[in-house]
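Next up: the structures, one after another.
Each of the next two complexes has chain A plus one other chain: chain B in the first, chain C in the second.
Moving on to the complex of A and B:
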């Protein structure tokens, strides 16, 4: 079996997040991932797209987010590309949820969730294009 | 059209917010408004019921994080009830059961209020 690729492009607005989740659901099901892995992939991709919309593009809805789901015999990988501000993973610190809650602060949880749910997370930048690759390996 | 809604109910001194649909970065402001409305009305004992909540992302969790301490300071609490397993898993992933009172049913959450059970 060779790799298959399906793509979806959305405007950079949160109203399209549900379409992204439907897209991931449809193709992850076709790839016969187990339900818990599908739910993890939907959430991780939602979090990544939300961060792009709110941070990389600073809430501006005039841009584009490109999503591709790549399925092969060993894994399902979702590749998300944007042309906004790159994410600085060096300066990222995992949030202390208890402390944040005590201070009535929200946010900063997306990257934490992505890292907890995915088997592999990679960030790449080439020219003005940023890419995040979220991978879930098949377990046999 | 939004794929999320909040219905309000009152039982005794407790306000129940029954969530329906999918809670993400697009719909989280609706939950924020609903909880803010309760606060403005002086309703500080809140149960958020998730029986019909099919999905939550960190944007939804962030709403709870932003309000919980304030409600506790006001003498109330926000308790969470009747979550579907896949939604509970997201709360659990971030350690929320350590911070929030999470009950299996709305009735159990109401009981917690009548017994004055708080989480910390």
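Moving on to the complex of A and C:
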């Protein structure tokens, strides 16, 4: 079973998110993922990168975000690495949208959307490197 | 530096219709928020946001709409209604629970009829 991998590195600034979405679109199309799965993957990757830029790196644009899309016969996985503050998934609580409206904010919504859209979401940390893996399985 | 956003503006039977073009992500959501807030500050209490020319929106853009909806609702009889969404975007609003808070309808005509 062979897998192909394509990589992209961006500075930690939100103006590069459109390049990330274009990168995902190009390779997910080549992988013949259905259109709805491609759109889901683009949004999930955008949300994950936004969280890294705004939270892990605290809005500092001096860092780097490494993105890889890995395609094999059973799935398409996007691996995103950073060296910022790790995401504490233990303390993550799914947002109550009604309560958020009352408070006038919607923090935590990105993670909620990622989990709803992806078939599998994994968080890893090794040394100072954090990694999130977003997977869509192929359905035949 | 925040990115720009293109938003077309129309009036329909006295209601402001905003048509964002292209994408709303975390890079240009602040520009979108500023534009909507300016209208609300100018006294607009009924706003339709037509998604017909929008290909992508992330939670940053959804957050802007959520805050704007809350703001106009705080005004007397104000409302913010969304229309013209493609299926994939509508699904995101559904799984996020946003469509339970902000009315989402098919057309501008439907939006005018939302009480």
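We take it that the second predicted complex is superposed on the first by the 139 of 140 C-alpha atoms of A that agree within 3 Å, B and C clash if a C-alpha of one lies under 4 Å from a C-alpha of the other, contacts with A are read in each partner's own complex, and residues count from 1 in each chain.
Heads up, the rule we're going with is that a residue touches a chain if its C-beta (ideal position, glycine included) is under 8 Å from a C-beta of that chain, and two chains touch if they have at least 3 such contacts.
Predicted, not measured: the structure shown is a model, and the values here were computed from it.
S.K.: Put chain B and chain C onto chain A via the superposition and say whether they clash or fit.
M.R.: With chain A as the common anchor, chain B and chain C collide in the superposed model.
S.K.: For A:39, select first, second, both or neither according to whether it touches chain B, chain C, the two together, or no partner.
M.R.: Both chain B and chain C are touched by A:39.
S.K.: State whether A:131 touches chain B only (first), chain C only (second), both chains, or neither.
M.R.: Neither partner.
S.K.: On the A-aligned overlay, A:66 touches which partner chain: chain B = first, chain C = second, or both, or neither?
M.R.: Neither partner.
S.K.: I'd like to know which partner A:50 touches here: chain B for first, chain C for second, both or neither.
M.R.: It touches chain B and chain C both.
S.K.: In the overlay, answer first, second, both or neither for which of chain B and chain C A:112 touches.
M.R.: The answer is both, since A:112 touches chain B and chain C.
S.K.: In the overlaid three-chain picture, which partner chain does A:18 touch, first (chain B) or second (chain C), both, or neither?
M.R.: After superposition on chain A, A:18 lies in contact with both partners, chain B and chain C.
S.K.: Residue overlap on chain A between the chain B contact set and the chain C contact set?
M.R.: On chain A, the overlap between the chain B and chain C contacts is residues 13-15, 17-18, 21, 39, 42-43, 46-47, 50, 53-54, 97-98, 100-102, 104-106, 109-110, 112-113, 116-117.
S.K.: Which of the residues in chain A come into contact with chain B in the complex?
M.R.: Chain A reaches chain B through residues 13-15, 17-18, 21, 39, 42-43, 46-47, 50, 53-54, 97-98, 100-107, 109-110, 112-113, 116-117.
S.K.: Under the definition above, what is the set of chain C residues touching chain A in their complex?
M.R.: Going through chain C, the ones touching chain A are 1, 3, 23, 25-27, 56, 58-60, 62-63, 66-67, 69-70, 88, 92, 95-98, 100-101.
S.K.: Per the contact definition, I'd like the list of chain B residues that touch chain A in the complex.
M.R.: 3, 22, 24-26, 55, 57-59, 61-63, 65-70, 86, 89-90, 93-96, 98-99
S.K.: Which bits of chain A are touching chain C when the two form their complex?
M.R.: Against chain C, chain A makes touches at 13-15, 17-18, 21, 36, 39-40, 42-43, 46-47, 50, 53-54, 97-98, 100-102, 104-106, 109-110, 112-113, 116-117.
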